[in-house]
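Presented sequentially are two complexes of subunit A, the first with subunit B as partner and the second with subunit C.
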Partner chain A sequence: MKNVMSNKYVIALYTLPALLLILTLIYIPIVLSGYYGFMDWDGIGQMTFIGMDNYITLVQDKMFWTSTWHSFLLAIFSTASLLLYLAISLVLASKIKGSDLLRKIYLIPMLLSSVAIAQLWMKIFDPTNGMANKLLEMFGVENTPIWLADPDIALYAIFIPVIWQYAGFYILIYYAALKNVPDEIIEAAKIDGASSLQIAYKIKLPLISGVFKVTIMLAVVGSLKYFDLIYVMTGGGPNGASEVMASYMYKEAFKLNNFGYGSAIGFGLLVIALFMTWLISKLTKSKDDVQF
Partner chain B sequence: MKKKAFSSVISLALAGGLILAGCSSSTGSSSDTKSSGDKTVVKMMHLWPEGSSNAQFTIVDDIIKAYEKENPDVDIQTEILGNEQYKEKIKVLSASNELPDVGITWAAGYMKPFVDGKMFAPLDDIAKEDNFVAGTLDAFSVDEKPYAVPLELNITPVYYNKEIFKKYNLEAPKTYDEFLNVVETLAKNKVTPITLGNKDRWTGSMWYMYLADRIGGPEALNSAINRSGSFEDPALVKAAEEIDKLVKMGAFVKGYNGLSNDEAKGYFMNEQAAMYLMATWELPNYTTTPDVSQEFKDKVGYFKFPTYEGGKGDIDSYVGGPGVGLFVSEQSKVKAEAKEFVSYLVEEWGKRSVVDAGVIPATVVDTSDGELHPMYIDILNDLGDATNLTLYADVQMSAGVADVHLNQIQALFGGQTTPEKFAKTQEDALAAEK
Partner chain C sequence: MSELSTQPAATTFSAPHKTKKSYLNKIGFGFLYLILGLFAVIQIYPLIWLLFFSLKTNQEVFGMSPFSLPQDPQWGNYTKAWTSGNIGVYFFNSVWVTVLSVALTIILASFVTFAVTRMNWKLSGLVLGLFLVAYMIPLHSTLIPLFNMYNRAGLINSPVSLVLSYTAFNLPLTIMILLGFYRTFPREIEEAAVMDGCSVHRIFFQITLPMTVPVLSTTAIINMIYNWNEFVFVNTFISSDNWKTLTVGINNFVGQYLTDWGAIGATLVISIVPILLAFLFLSDKIVEGMAAGSVKG
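Up next, the complex of A and B:
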């Protein structure tokens, strides 16, 4: 057996299926979309090579940078909300009554499909009959907001369900990580007279910092390529007020028949996401990662 | 041990995320796979699945069966997809030169890339101008040659709730001043005068188009789009000012820019709004659809968009357009058979679509047989008297310019632009294209 596994051809043979899968489903499409970015193509007729034109337009396209800014806003908000998730998991993991049930409740939004969530929140945000405004009216607010129709609010209104949607996912990760902190250490701390707040700050958080870094990465990259709720709830409107990079790409490619330019946007999105991944891993790198 | 448990939870969570992200809509396709033998096979794709568009599905199915009976050597094979999947698939198929022999297309701006790419065969030999309602064939023509034959035709009346009107002693308005009075009275009494789903943008565009038509006549907008005129025409700016005025009067439902057309429709169906401007594809809801209560159906009436004092447009001019049409693929190996089938299908469709599916065909309809709901007969008669049919602006324009137009419409309704800027931005976009 050992002989077989050390044979280079066998190794190549065994990794081949996975390699092929990744190549054909991920890397080749990425290269292709970069390539289509050099073309003037409506997705139907002939492609014509136009060199860097699409990429030059992209850099000068105000709408692209607006949508990039919106994507970054989402990234900032979802990263900030990680702290909230972390706080919830700290409470959940500290053996309070009913934490099992609560954990399951928090997980439910994750089990719903994005489109169902979007439909649900569109009903909540309905300006006349929606739950949000009915509640505000109950508290005596007169000029209730029009939520998704107001260009100043629309984007932030969508952030609420997005953050709500992913709560369960991150809480689950943090919860699992916190449960993984050895009891002996915490017991030792207790014996030394540490309060539960001190235990949380000085022991639990440093011990799960590795997981925290991973979730920052997931939140930022996930936000940058975010698409579903935006697309269903406002379609990027009104007037591009809630357009993010991915929805802008979809709109250019499929709605406006600019496959070439759409591909260029997609490639831009990839570059930005890669850069952010690199930046975050650089920023969060520390030598003294705690091992246990 | 604990570490292992942790990593398995993590990987489960990640896998769960992947699965959720990977959820994609399933395509409901079904195809007739009869043995073809030595028969000539004509492949057809359409967008009326048996489940969601049963009436249309049945008509097409019956027509195919009848055709196959009359022409035993032809075998029509169908592939059926839902609307959105159809739109996507047809693009993919055309990119790989695998279009079906016969298929469905939308008019003007949508089909132009296909025609430019030589994907559709010219149908000037089977499409006879006088079989169709005036203007419908033009919408499927490029350089005066038809590349598809229209199946449907829609015009847009203003539907209104008779009971709400009666309650406030209002009557269906004939002039724009009367219309403004209706809006004012309703708004004063805290009733939403007009429901509008302007998230979809083409809905607001119809209001603008009507005002442009009534003020400047049909030429004003048409010539701005075909570049014989300008979008900064005073009539077109004036129409934008009127929209602005309506918005300030509180004519439209709260949050219209965030509502989709379907959501906005709900306000009308629930009697929370008095008026709704929409194409005649809504007619079944007010006449035949069994899910809608008879009580509500009896309350719905319609009026033609009122005339504007001193304006050039008359009341019998409509905004509207053909819905879908049939094309024959240029690459088809059985072009002659396909064309013959298309002309047969269009003719039979015209005989049955109103009665069986509530779809107004683009072919001239005989209303004398008395089976129709009176509202249909009225609409069909109005259609007979129509002096002009202006095709939806976003359909007339190319995709890029249409997007500018629609965004400007949303900005105009949202008060984020001025009528002058509204006109100028569109003029610039139209001018830049040529």
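Up next, the complex of A and C:
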């Protein structure tokens, strides 16, 4: 009777189309990316095998390490901002009125396309007519910054909309996790005389530590491969001041037609992202993880 | 026994304490509300500002405060945005590329999840693992090889490249969300159907698929948002104006009108209105889907 559910043809029919798609469009390309890294190739003509040259150049390429550092800076900022979101979620989840509406308002930027967000924030950062400088002028600031055109500020200016974009997403995750904490535990603690701060610190936070680890992973890996806003807002400029790994790869391949070297950068990005995934899961692993 | 004796004592002791505490609590809560409200303003005001300047003339944008309402709403900005440039074409492309990719992703993901959770075979764990690991792979590392593949297959400048890529890259997350649902869902009905001699296809299409409609709609919405907003693939694979979608289309269009703030604002508003409308009516589903994708991962 059970044979129907182990029919090999049906299994193949159901899984092969999807499997074929991810193998051809995800797994084979990452292998090819490493392989193209050994080539001198303009994307159209013949590939010439040049051995390790691209990878040696990559390791010595200052711009690559600068862009890697910028990606890591974004990762640090995004991870630090998680604490703010966690604090907000703790308040939101403590049965206050309007938390549902607030949570949804926070989420709105996450629903917009990166292009719309980038174009909007380019207007906000407009040195003469943008909202940012008009606000600063209202508060009496005289030498208003030129934001995206200033090499010292550009990168950090872009962090603002990136963090703005994702805030609601993380708050949503924490909120969902906090709502999963069983009411009985909180009630029991209250009866024992625990203050709300104690409940937050000693009960709620430890109980959602698993989710917190997931969000650290999402924030770090998401930051390392971040591309959209930077590409649209500054293209990595001025003069490389806001270049990150993915934008550097894109520029080398699709602007300068160095497809071989671009592939080497893309492969470097893959290795760094997977290494960080492994490292974080290693560092945050603990035996007493609470499971719901 | 002990409950009876301690309960009254506890309440009498904490009663005077409580009034002072709740007074402090009120101030504390007021302060917290202020912070939460301020955060809401930060999240929403840039969009209101966008809506305002999409209805303003350049003189108004440049001369007046960023908090001023449009004095004489310039609806002409919207007509200009829609008629000049290709916005109509981009919009239509976004709609059908999104719809097609979402449909394909959901049906393929359902097939896989069904085969992995309901059918018995040795390699099911490995196959599932392949899908889950694919979620960790940065899309940018695949971009150059993908470009080359599509180029050789003659699919550069063809929306087929977009539909295939969107489907492949959204499968892992979609399967992850479906998996959570399938695993908690009772199998008794399906098992009974097997007993009755139903074919696997009938079980899948007539029993399982209809039962999973709630989670399917959640994943459909999440997929829709991701595909509608996708930028890198379109920017890399499509250069013909006939096949661009809204994200890349408006990016180029806006780039040409550096100084006409009204038209730029109107273009951006047009591009985000469908998503905001969807959110207005389906916010619970969206919230649920976004949370499911990460927490269960």
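In the analysis below, the second predicted complex is superposed on the first by the 271 of 292 C-alpha atoms of A that agree within 3 Å, B and C clash if a C-alpha of one lies under 4 Å from a C-alpha of the other, contacts with A are read in each partner's own complex, and residues count from 1 in each chain.
The rule is short, and it goes like this: a residue touches a chain if its C-beta (ideal position, glycine included) is under 8 Å from a C-beta of that chain, and two chains touch if they have at least 3 such contacts.
Since this is a predicted model, take the numbers as computed values, not measurements.
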Partner chain in contact with A:Gly43 - subunit B first, subunit C second, else both or neither = both
Counting only touches as set out at the top, which of subunit B and subunit C does A:Lys104 meet: first, second, both, neither?
-> second
Could you say whether A:Leu256 touches subunit B, subunit C, both of them, or neither, answering first, second, both or neither?
-> first
Taking the superposition as given, does A:Lys190 touch the first partner, subunit B, the second, subunit C, both, or neither?
-> neither
So, A:Thr234: does it touch subunit B (first), subunit C (second), both, or neither?
-> first
Thinking of the overlay built on chain A, is A:Lys202 touched by subunit B (first), by subunit C (second), by both, or by neither?
-> neither
Contacts of A:Lys225 with subunit B and subunit C, given as first, second, both or neither = second
Dominant contact partner of subunit A by residue count, subunit C or subunit B = C
Would you check which partner chain A:Pro151 touches, where first means subunit B only, second means subunit C only, and both and neither mean what they say?
-> first
So the subunit A residues that subunit B and subunit C both touch are 43, 110, 113-114, 128-129, 169, 172-173, 176-177, 254
How about subunit B: which of its residues touch subunit A in the complex?
-> 2-3, 5-6, 9-10, 13, 16-17, 20, 23, 88, 91, 94-95, 113-114, 116-117, 119, 192, 198-199, 201, 253-259, 263, 267, 272, 399-400, 403, 407, 410-411, 414, 416
Tell me, which parts of subunit A touch subunit B in their complex?
-> 42-46, 110, 113-114, 122, 125-129, 146-151, 154, 169, 172-173, 176-177, 179-180, 182, 234-235, 237-240, 251, 254-258
Spell out the residues on subunit A that touch subunit C in their complex, using ranges where they run on.
-> 1-2, 4-8, 10-11, 13-15, 17-19, 21-30, 32-33, 36, 43, 88, 91-92, 96, 102-116, 118-121, 123-124, 128-129, 131, 134-135, 138, 164, 167-169, 172-173, 176-177, 211, 214-215, 218, 221, 224-225, 227-228, 231-232, 245-246, 249-250, 253-254, 259, 262-263, 266-267, 269-270, 273-274, 277
Can you list the subunit C residues touching subunit A in their complex?
-> 29, 32-33, 35-37, 39-40, 42-44, 46-47, 49-50, 53, 61-62, 65-66, 108-109, 111-112, 114-116, 118-121, 127, 130-131, 134, 136-149, 164-165, 167-169, 171-172, 194-195, 198-201, 204, 225, 228-232, 235-236, 246-248, 250-251, 254, 261, 264-265, 268, 271-272, 275-276, 279, 283, 286-287, 290-291, 294-295, 297
